[in-house]
Every structure is written in structure tokens, then in C-alpha cells.
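If you scroll down you'll find the structure; I have some questions about it.
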Amino acid sequence: MRHKDYMGLGILLLVIIFLPFVITNDYYLGVLVFTALNCLTCIGLCLLMGYAGQISLGHAAFYALGAYATGILTAKLGWSSWMAMGTGVIISAGVAFLVGVPSLRLKGHYLAMATLGFGAIIHIVLIAAVNMTGGPSGVVGIPSLHFFGIELNTDTRFFYFSWSTVIIGLLLALNLIHSRVGRGLRAIHGSEDAAGSSGVNTSVYKIKVFMVSAVYASVAGSLYANYVNYIDPGPFDVMHSVLLLTMVAVGGMHTIWGAITGATVLSLLPEFLSSMSDYFESLGLSYQPDYDTLIYGGILLLMMLFLPEGLVDGMNSIRRITSTMFIRARKKLVF
Amino acid sequence: YADSKAYHVGCIFAITGKASWLGEPQKNTVEMLAQKINESGGIDGKKLVLHIEDTQGDNTRAVNAVKKLIKKFNVCAILGPSRSGTSMAAIPVAQAANIPLISCASAEIMLQPIEERGWIFKLAQNDSDAVRKIYDHLVKRGLKKVGVITGTTGFGAAGRDFLIKMAPEYGMEIVADETYAPGDTDMTAQLVKIRNSGAQVIVNWSIVPAQSIIPQNMKQLKMEIPLYQSHGFANIKYAQAAGEAAEGLIFPAARIMAVDTLPKRHPQYALMAEYKSEYESTYKDNVSTFGGHAYDGIHLLSGALEKVGDDPAEIRNYIENARFVGTGGIFCFSPKDHCGLDKTAFELLTVKNGKFVVLEP
Amino acid sequence: MESGGFTDFLQFIFMGLQRGCIYALVAMGFNIIYSATGVINFAQGEFVVLGGLMMVTLTTGFGLSIVFAFLISTLFVTIIGILMERCTINPVKKPTVLRLIIITIAVSILLKGVAMIIWGKGSHYMRHFSGSDPFVIAGATILPQTLWIIGILGVIVVAFVVFFNLTMTGKSMRACAINRDAACLAGINDRNMVMLSFALSAGIGAVAGIIVTPIIQMDYARGALLGLKGFGVAVVGGLGNSLGAVIAGILVGVLEALSGGYISSHYMDAIALLILLLVLFVRPSGLFGSSEASRLKEF
Amino acid sequence: MLRLVNVNSYFNLVHVLKNLSLHVNKGEIVTLIGANGAGKTTTLRSISSLHPVKGGRIYFNDLDITHLRTEKLVKMGIAQVPEGRQIFWPMTVRDNLELGGYLTFKTDGKKALRAGIDRMYELFPILRERKRQYAGTLSGGEQQMLAIAMALMAKPDLLLLDEPSMGLAPLIVKEIFRVILELREQIGLTVLLVEQNASSALKIADRGYVIETGKIIIEAQASALLENQEVKRAYLGRDKRKMWE
Amino acid sequence: MTEIILELKKLRKNFGGVVAVDHMDLTVESGSITSMIGPNGAGKTTIFNLITGFLKPSAGNILYRNTDISGMKPHVIARKAIARTFQNVQVFPQMTVLENVMVGRHIRSKSGFIISVLVPPFCRREDKKNRTDAEKWLDYVGLGHESDKTAGSLSLGNQRKLEIARALAMEPKIILLDEPASGLNARETVVMGRLIEKIRKMDITVVLVEHDMELVMDISDQIGVINFGRCIATGNPAEIQSNPEVIAAYLGE
């Protein structure tokens, strides 16, 4: 079980190392960079939702805190990117603490609402605090990241960097969930009463994991700012939080792998659809970008209808079914 | 330059999503023009192939789309994006790839600092010029106390900036500074505040449909001070939505919005009348300035392709010195000015009987 | 026109009332489906949009009378609600709350796409039901349309309070959400109940859309925002509680208006939200949700 | 009255009921005993269609009811007291009882419903005291009483009881068994009873089945089962403690 | 003779008008098996909830080894080595049976967030020990062969055993069992009795709530009879069985 997880990590690592040799077009690598950022956020969100069972509809806010910390500190105050990222992490964790203490006492939809409200407030502040955040016009001129003297200014470089971050984030998350603390978190999910009576400090654990997931989102946000070199409040609205939640749920929130799969699929899907329109056009069919929305919604719907426990579980059961079919077929052959 | 029989040009607009009312007419316009160009034999015998991408009004998608156009389709120039925010996100990519990007958004910060934005152009009129136009008129009417209300989008924020920054220049006093979100449904609270601030005039600066609620609210509150809108109001639907309440409001806009009331000898007239009649008959929809930007963009680009071929650097140089008459005004680019328009591009319009007409001086 | 402090205040209250009633109407739609399934239907905002757009088409496009168009639009959206339930909620074999929520998100995207293709991307407007000349009360003005909204909301609230608390059908609908198995064992047809809840909430969403369109204009993308506000209001009022939704809705609306009017329009929504959050922290199951009852409810 | 023929049930890939067949005649009390995890609950849930049956048939009054929906079955007269106190937690005791009488209300109206509730209050006086309390805050035993009362509210012909005595004080258990016998006398109620407390169950039952890992291994008259050595050793062991030690 | 490990003093709990526990006095000797019996709704579970911190007493005190623990949070009380099971079984359904028991080892291990995040599990000795310990406790209650199933897929009776294993894994000083034998058949009830006696032999004090009289009478050292939230009688099994008040209120016959 555990070893499978770490093996998966190794495979992922290999894939990432070799991918840029297969895909040489920067466009695809660029898309994969955004995918990595979503994966990173979703790993954190999955720890919170899938493992500790606490819903959050405010994660775009932490993504924003990271991005704006980087944006403001580097572009306006001239800090180094790393310092800014670190500060973003500290701010996000601090805000997560302040928000988590009162919010995480709430349950279910009420918690969803509280986090959603928090996310919306942050978004409004980003728009309204013009002097600090640049308001709707955003922050321009955010420098690229430097890593041991290498400027991460090409898509290939940033691809490696962002996915390494994902791998590290994944490793840490896997460590966490296979630990005493991870079990404590999952226990909270199963039954808060029983977890408490087993000695798990439920409120502190919930707050801590909320902070951890905020940190993931914050790092992703910082990387976003460094990569795009420009931020405005647009990408950090409540709908982005909803999208993140959807990613985690589509992949199957009971495993980290599910979250990553969901994030990857839903990050690539729109790009895939936009390529599809080129394909249709080359066939001479008239295709409007308007249909993208329909197809996107339709695919999401079908996934939820036919893969109840998410993509990862869906793939597992497909494998199971085919293997039983195989066994049966073999039996028939033998007799 | 991927294939010698065609010119590949990229277009990115907010065709769906939160700013689709901007991107839709732009997409329609470029498709219409490309078809027309190709039917009449293309450019120098080469077909004009447009690769149209949808940003959904989203920065991330815009970045991806620009990369796709540049790396996958090898386009020689890019027209769009529609919004300031998406343009800002797309600019570093185009700039780094040395591909000209001709934005349809209006924010002036897109072009600054000019040394770092050598590949970036824009077609929409300058916000600051719109402000000038409005303030000039206010000065003429002797109105001094201005209540500013803006929408919280990049467009609104840029306008708010200029309105406040340039007020002293014209002896204006900003007595109120309010905002509203794009999704807001009722601005009476803000308007009551403006009313209490003793403003003699209201300037409503926004590009979202919600801006047409302001005149309605003012009517409801029985406020009778004059209302000025920005060039973001330049969509007849906004005036229709506001109904009677919109009568008499004043806004600076490209002349395309009031072609019919323009003297026929005006240099822009012929071209705009043609565009308007073609667009409206093709799409059964009203023209807007937003579509006009795309029109100008295709004109500019087809001119460049015809003259210098599809080398991006050549195109850039061509545009830097281009002069032409478009729907947005009479463009006059220079290496220092990547917009090419000044306040003469604007005409003050007003709403009369549900139509845009040129304001009688 | 002279306007004293009180007049302004009254004006803000009117504005708040108008906004609040809209929120409350959307929130009631959430409440109904929540009551029957425990799920928040993210497509609720789309019901509102469809109702409004349909109304615009019928009145402005086909020139139907308001009453007639009202009925047809409501019926149309109700049918959409029923279809949605039959095609996407009903087939789910192991309905978990989160899964159903994501399904409703998917449906909302689909409906939005359909609305975009049918009605285009611009915003649509229509005449007020009975003119747009405001009434003046103590110097403050209120639109006749607002009175319509308040009136219709009132009727709906009374109907729902009676339905859910006093009738057997209402109770059995709640029972389905609480424990499907037990509800089936009591002889309740859970699927029909769920369908009924979708029909009702689609209908009420349509009504909301129809009566607010003259004021706010309708476009295909407005659903998300209306939905989010409605969700917040439903939660703060106490999920499943119609009266709570109304009071919370008006509270939110008035808070927004007052903070916009007296504090800052830049932060008006944030201030209202902040106060809502504080309310939620003090009363973790909403204004009128019973803490006992919600503590026992699993997510 | 009830007949299961070669019923199979699965949890994903786990085969839980394996060709299980049993029958209950009209007016009979039949008990099903077996160890934890043998499949008793799954059997009852399969009868009520709460769990899908794959392969096999279930007949009720000679009607094939295998794939009918639960609420149809309830309408036909099959009620179940499910395992683990499935009541409506965030509703009051009274609301719970009313919902239990949902069908009564639909067919016979309000009066009949009230009468039914009053009858349950007589049966379990403590429920009357607690009628305004949320069902979820009741004590375990009170919840169990409520669950039984709800099933009885449906006025069934066939009652499926899944460990009704769980968590109940001995006096109440006796009372419940008495009521079951009484109902059989009065209205000819048929009962399929799953009980861990096998000896008391067998005492009131006519016949019994022993189920082991999803298969029926013994079927006999209750009195015979009470004497059966194997059954005694496995399920009634108490006083024969020395025997298995 | 032996020390008193748990003492309830004038304990009272009311929910609005309902008085669930009233003026309750009870002492539990260290190393004993103390049973609480009484009619349904007498307040037994409420007493457990008060002791383990799920409810706050309206009045009165709970002394555990002479310190007042009333009003503390459940996890603080758990760390004092007080374990419990629930009448409405509470397992962690998504986790495997083994992991459920490992959660019970929570208070006996230490690694916090930082260590958990940075050190992979196969490098942590503590984790391995937890696993072997958990396996031991699973075997102890007879669920060793089910250890890889998810807890939610166990039958109800087995979930109850799992709960006990989890509580035992805490290596508690005192364990509160709420109807451990409900859902077990007669034979297994006897096994449960043996198990409880074995627990006591490990020097763990047992407090038992149970309606199965034979089990209670069989193994208890002391029995408290509770009715309407009050302790109406205490004594050894023989005394209780012959107490007329108890017979009337609870036992019948």
C-alpha cells in the first residue's frame, strides 16, 4: 500500500524528467506548468478535504495571498523571489490560522460558506485596496525566479522546477498521510467523537492541516506570479475555489493521487477542447468556441455519473473488471 | 512563414466567459473580414489564415493561448486580447517571443515602459483622452464638482485613475469616488452618497453591462444632474437597457457609434458605414466599438502583410510607422506612440430617442 | 431635492430590501433541494437565469402578456428542473453529498452553455411589471417592481413554511435527505420526493428570475453570482429554513446597502460578508438553524 | 408468504449471500441466527431491496418482488426494523412516528395516524415523554424503541426485525416479544426475526434458520434448534460454557 | 484497601428540562469491574459522556485519581489514559481495520506534524511499533484476519469489537465500555466476558454499561443501578439481584 505510493512517486519523477524530451513545444510545457500549479494546490486541498474531511471553498484566497505576496514584495519592494515566497507562506499560514480557529468549528455546508465568504472577502480586498494590490489593474513586472543562479525564464526550466515542487509536495504529503498525524486526520474525517476519545486533538489538528493546505496553495500562487510575471484579481475569485474543489472531487478525494489526477485532467481539458476546435475546423465542420463550455460541462457530468469515486477509483475498477473478465475467459478456455 | 501559400495571424478574444460581450463582436468581425479578404484573392495572392483562440476572459487561458499561437501555429502577429487584464498577462509572452501583439484593450499601462514594450500595440483609444474629452466639456459647461463612480474591472480602475489624476489640470474637484462590482444590481447607495457630496455632475466609468443600471437608479432617485459615461458605454444595447433613463447622457466614443449622424465628408465615414452595414447584415447585431478595434486590427495587419510580408520584426516596424483611417479614429503610430490615437479620435455622443447621436456642440 | 439623514437611511433600507428579497428568493430555492437531498444545488442560479431570459423572450420577443409569460416561463424552468433530476441526479447509485454537488456544478456549466448559445452573450432587459415611476415615501423612493418582489416573496415564504412544517409531504421530503434508507422503509418514494424538490426549486428559481429581471437585467452568466449570494444567505439563515432565508437575505441586503452608503462602496460586499461570518461564528448553524439538529446531521 | 430462492448478494466483489433460500409462512415467526458477519442483515436488506440482489428470486404472496423498490414493498406490507437504529435524527420523536405512519396517513388519513401514534405511546410510554425531543438525542434504547415503533406504524403484514433487542433493557425486550406474539394473535402478523439473543428468539419462534458465511446450514423447528447440539454450542453456549472452553 | 481511581460527586446533567443525571455519586476502585445497569434512558451513556468530556456537567465533579477532570476536552481526558467505546458504534469507516487500531495508539506515540511530514514512515521506528502493537490488539479481540478490510465493511458486531481493540490499544488505566455485548450472540457474549476479565487482569479498571444481565452478574465486582439519573443501589451482584427495588425497576420477574 505505502510502497505503491512511493513507487508511483518514482514513476512520476521519471515521466517528468523525460517528458520535455518528448514534448518540445513550449506551449505544451507551459500548459503543464499551470497543471503543476493546480496539482500543488490540490494536494493541499486533498489533505484538508479527502483526509481530514473539512471542506474549503476559499482556497483561491491562499493562492492569491501567495501570488500577491510575491508580486508586491518583488515587483514593488524589490525583495528576492525566495524571500517573498517564504513571506507568502508565513502570511498564508497565519491567515489560515486566524480564519481556521473560528471557522473549523463549523461543519459541512456551514464550513463551506465560511470559507467561501473568506475567499470572497480576500478577493474584494484585492480589488479595492488599490494602493497596495494595484486593484483591478494588478501588479506588473514581477521578476522570474532564480534557482542557484539559473533564471527560470523558459518554459522548460519552469516546467522542471514546478514539477519538482509538486514531487516534493507530494512526497511530504505522502509522508504525512502515512503517519500518526495522517491517521489522526483521517480519524477526524471518520468520526470526530471517536477521534477525540482516542486522544486526537481534533480542533488543533484541523487548524494545522488547514494551515498546511494553505501553505501548498500559497506556494503555488507564488510560483504563478513568478511564472506569469503579472497578476490581477481575476484568477483568484471564488469560482477558482470551486474549480479546485471540483478537481479534487473528480479525481477522487480519498487519495492524493486522485487529487493530482483530477487537477491534471481538468487543467488539460480546456486546452484539449480548444485544440479540438482546430481539428473540427480542419475537417471543415463549423465549430464555435461556445461549444467548449457545453462539452466541458458534459464531460464533467459524465465523469461524475459514471466514475462514482473519482477517476483513480474508476480506473482501478476498470482494471479489476477487465482482469476478472480475463480470468473468466481463461477458465473457459481451460475447461 | 510556416507555409508559403498563406499568412498566419493569431487572434485571441474573450469569446466566452465573463467578458464575452467584448470578444464576441471582435471574433465576428475578424471572421467576416478574413472571409472577405480571402474571397477577393487574399493578400498578395496568399490566403489570410486566422487562428482564433478563446481566453474566456481568464489570464491563465490567455497566456496559454498566446503560446499556442506562437509555438504551435507560428503566427506572425497576434490581434487581441480583448481585456486589459488578459492583455497584461499575455504581454510578457509575446514580448519574449518577439511577436507583435496588438491588443484591443484600452489600458495605457500596457504600453509602458515603452522600451520594454517594443512589440506591443493597442488599438483602443486612450482612457486619458476620453477623460480629456469629458473634462473639456465640463469646463465648457462650467461644471466643477465631479462625482466619480467606476466599475471594478481593469477598465474601470484605469479610468478612475485618470479621472482623479487629471482633475486638477482642468480645475475639477472630485467630490465623490465610488465603485461597484460588475455583478452589482443596484447602485442607489453609491448614488445617494454622490448626491450628498454636492456633485454637479456624475462620471460613470465602466465597461460592464451593469453600468446601464446607473441611469436607471438616478431616475429612480430623481437625480437631475448630468451624467457622463465613458467610451465603455459604446454599445447601443447599454442604452437600450437603460431605456428612457439614458436619454441625454453624454459620453465620448469612437465615431462608429454614430455613423448615421456623422457628416458624410468625414474621412472615417465611408469605411465605417461599410463596416456597419456589413456587420449588421451578417450578424443581425449592432456594431460596437469593440468589434471596431478588431476591424482596425485586421486592416492594419493586412496592410502590413501586403507591404512587408510576414516577418514579425518587419511587421512591427511597419506598424510603428503606420498611418491609416480606422473605425477607432485616424491612427498615427510612431515608435514612441504605440497607440496612435489622441482625443480627436473621440466624438462626444449622447442618447436621443434610444439612439446614439453626435452631441450638438 | 432636499434629503435629510433619515431619507437617506430609508433609501438605503429600500435598496437593501430589494437586494435582500432577491437573495432570499434564490436562497429558498437552495433550501428546498437541500431539504430533500442534503445537497446544495449549484445550478440554482441557472434556474434563475433561465426564468428571467425566458420571460424576456416571451414578453419582448413574442409579445405575450406578463401573466401568461410568467406562467409559461415558470413551467419551462420547472420542466428543466425535473429533467435535470431525472437525467443527472436520479441515476446516481451511491449518492454522496459531495458527488451530487459536483454534478450540480457540471449541470450549471451545461445550462450556462445552453443559455449562452440560445440567448447570446449580451444582457437582456424588460419593462417593469407596472411602470418604473417610483413611489416616494418620506423623500425616499421605491420602485413598484420592488413591491412586486416583496409581495411575491411573502406569498412564497408562507406557502413554504406551511408546506415543510405542517404537511406530510414536506416532512417526508426532509426525511429523504436525513436518511434515505429509513425514508424508503417508511414507504416514502424518495425518488419522487427528490424530483418534486427539484421541480419546486426550479419553479421558485424561475419566479425569482422573472421578477428581478426588470431591475437587474439578465445575462447568461449571472447565475453563478446570484447562486453564491443565495447560498450564503441560505446558510446564514439556517439551511432548510425558509423564514431564516428571508431574514438573512434582508439582513445581507440591508447590510450591503448601509455599508455602501455609510462606509465605503469599495468594501461594501466585504463588510456585509464579514458580518455574516461573524454571525455564523456565533451561531454555527445559522440564525434559525437548530444547533442540536445540525450537529446531528452528517455532511 | 415470503420465499427466497437462491438469492445471491455482493459487496463489490465480496460474495456475501450464496444461494440463500428460505421461506416464512403466513402467521409464522421465523428466526434467523448466525454469527457476526454471517449475512443476516444483508438478507433482510436484500428482502427490502435496500441491497441489490444479483441472481435468485424473492417472492411475497407468490408475487415476484425481487427488483421492486423499497417503498413499493412497504406498501405491499413488508416493514423492517433496520439494524443500527435508522431513525431521522434531526427530527422530533413525534415527526419520526408520523413519518413511520406515512402510508397510513396516505390511505386512512389523519385520524388513523393519530390513533396509531397514540397506540405507540401506550406501548412505549417513554416516547410520549420525549415526543418533542430530537430523535438523535434519545438514549440508545429509546432510539431502538422508536425504530420499532416506526416500523409498527406502517401496519405491516410481514415484519422484518433486525436485532430488535439491541440496547434494550430486559424488561422492554420481554415487552417487545410479548407485543409481537400479541400482534400475531390479533392480526396474523408474520415475523422474520434476526436476533443475537438466540435462546429468547427461539422461545417465541416457530421455526429457525442458522446462517453461516452467507449460507443456510440448518433449518428446523425452533424447539428442535433449541436442542440441537451444534446450535447450542455455537449460539446458545452460555450455560454450557465449559463445553467449548 | 485498593485506591479509588474514579469518583463521581453529586454529578448532575440536564438538557433543558430533561434531567438526565441527577445527584449521582459513584466510586470506582482501581482494578475492579464496575457495572452500571438501569432502564433505558436512565442516564448511563450520559455519565460516560460526562466522564470523557463530551458533555460538561451542569453541577458536581468527576475525580480521576483525585484530580478534577470535569469539563476537560475529550482528547485531554483520553491522554490521561481513559478509554471508551460508544453505544452507537463509532469506527473510522474509510480506514482499514488495522489503521483504526493504530489511531488508538495515538496517545502512546509522539511524532507531530513536522516529523510526520519530513520523515517517511518506513524510517520511523515508532510507526513500526505501533503497527505490531495494533496487530496484537486486533488478534486479542479476534479480528486479526480482517485487518486489511476497511472498517466500514465490517458487520456491526465486528465493528463493536474493533472499537474495543482501539480502546485497548490506548493502554488505558480505565476503560469505559458502553454495551459491548449488544449485537453479540450468547457464545460471543461469554467470550466478551472472558475478554473483559482479561482486560482487568492487565490492571485496567473496567466500567461497564450492559443490559445483558448474565454477563453483568457474571463478571462484575460492583454494580450500580441507575434509574432516572440517580444511583438507586450499589453492591455486589448477589446483593443487587435480591434488591426488590432493582427488580421492580429493571430486572423484572
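Some observations on this one:
Just so it is clear, A, B, C, D and E label the chains in written order, and each chain counts residues from 1 on its own.
In the analysis below, a contact is a pair of C-beta atoms (placed from the backbone, for glycine too) under 8 Å apart; a residue touches a chain by one contact, two chains touch by 3 or more.
It should be emphasised that the depicted structure is a prediction, and the values quoted were computed from it without experimental measurement.
Identification of common neighbours of chain B and chain E yields A. Ranking all chains by how far their C-alpha centres lie from the centre of chain E, first place goes to B. Spacing of chain A relative to chain D, judged by their CA centroids, is 48 angstrom.
A straight line joining the Cα centres of chain A and chain B is 35 Å long. The centroid of the Cα atoms in chain C and the matching centroid in chain D are 43 Å apart.
Shown for chain A are the residues in touch with two or more other chains, namely 124, 127-128, 290, 293. Shared contact sites, meaning residues of chain E that touch two or more other chains, are absent.
For chain C, the set of residues that touch two or more other chains comprises 116, 266, 269, 294, 297. Residues 34, 40, 42, 88, 91-94, 97-99, 101-103, 105-110, 112-114, 116-117, 224, 228, 231-232, 235-236, 239, 264, 266-267, 269-270, 273-274, 276-277, 280-281, 284-286, 294-295, 297-299 of chain C are the ones touching chain A in the complex. Residues 16-18, 20-21, 24, 152, 178-181, 183, 185-186, 188-190, 192-193, 195-196, 209-210, 212-213, 216, 219-222, 237, 240-241, 243 of chain B are the ones that touch chain C when the two sit in their complex. Taken in their complex, chain D has these residues touching chain C: 48-50, 69-71, 74-75, 79-80, 82, 86-91, 95, 98-100, 102-103, 105-106, 134, 136-137, 150-151, 154. In the complex of the two chains, the chain A residues touching chain B come out as 25-27, 30-31, 34, 124, 127-128, 130, 135-138, 140, 153, 155, 228-232, 234-235, 270-271, 274, 278, 289-290, 292-293. Residues 15, 18, 38-46, 87-89, 153-158, 161, 178-179, 182-190, 211, 213-214, 250-252 of chain E are the ones that touch chain D when the two sit in their complex.
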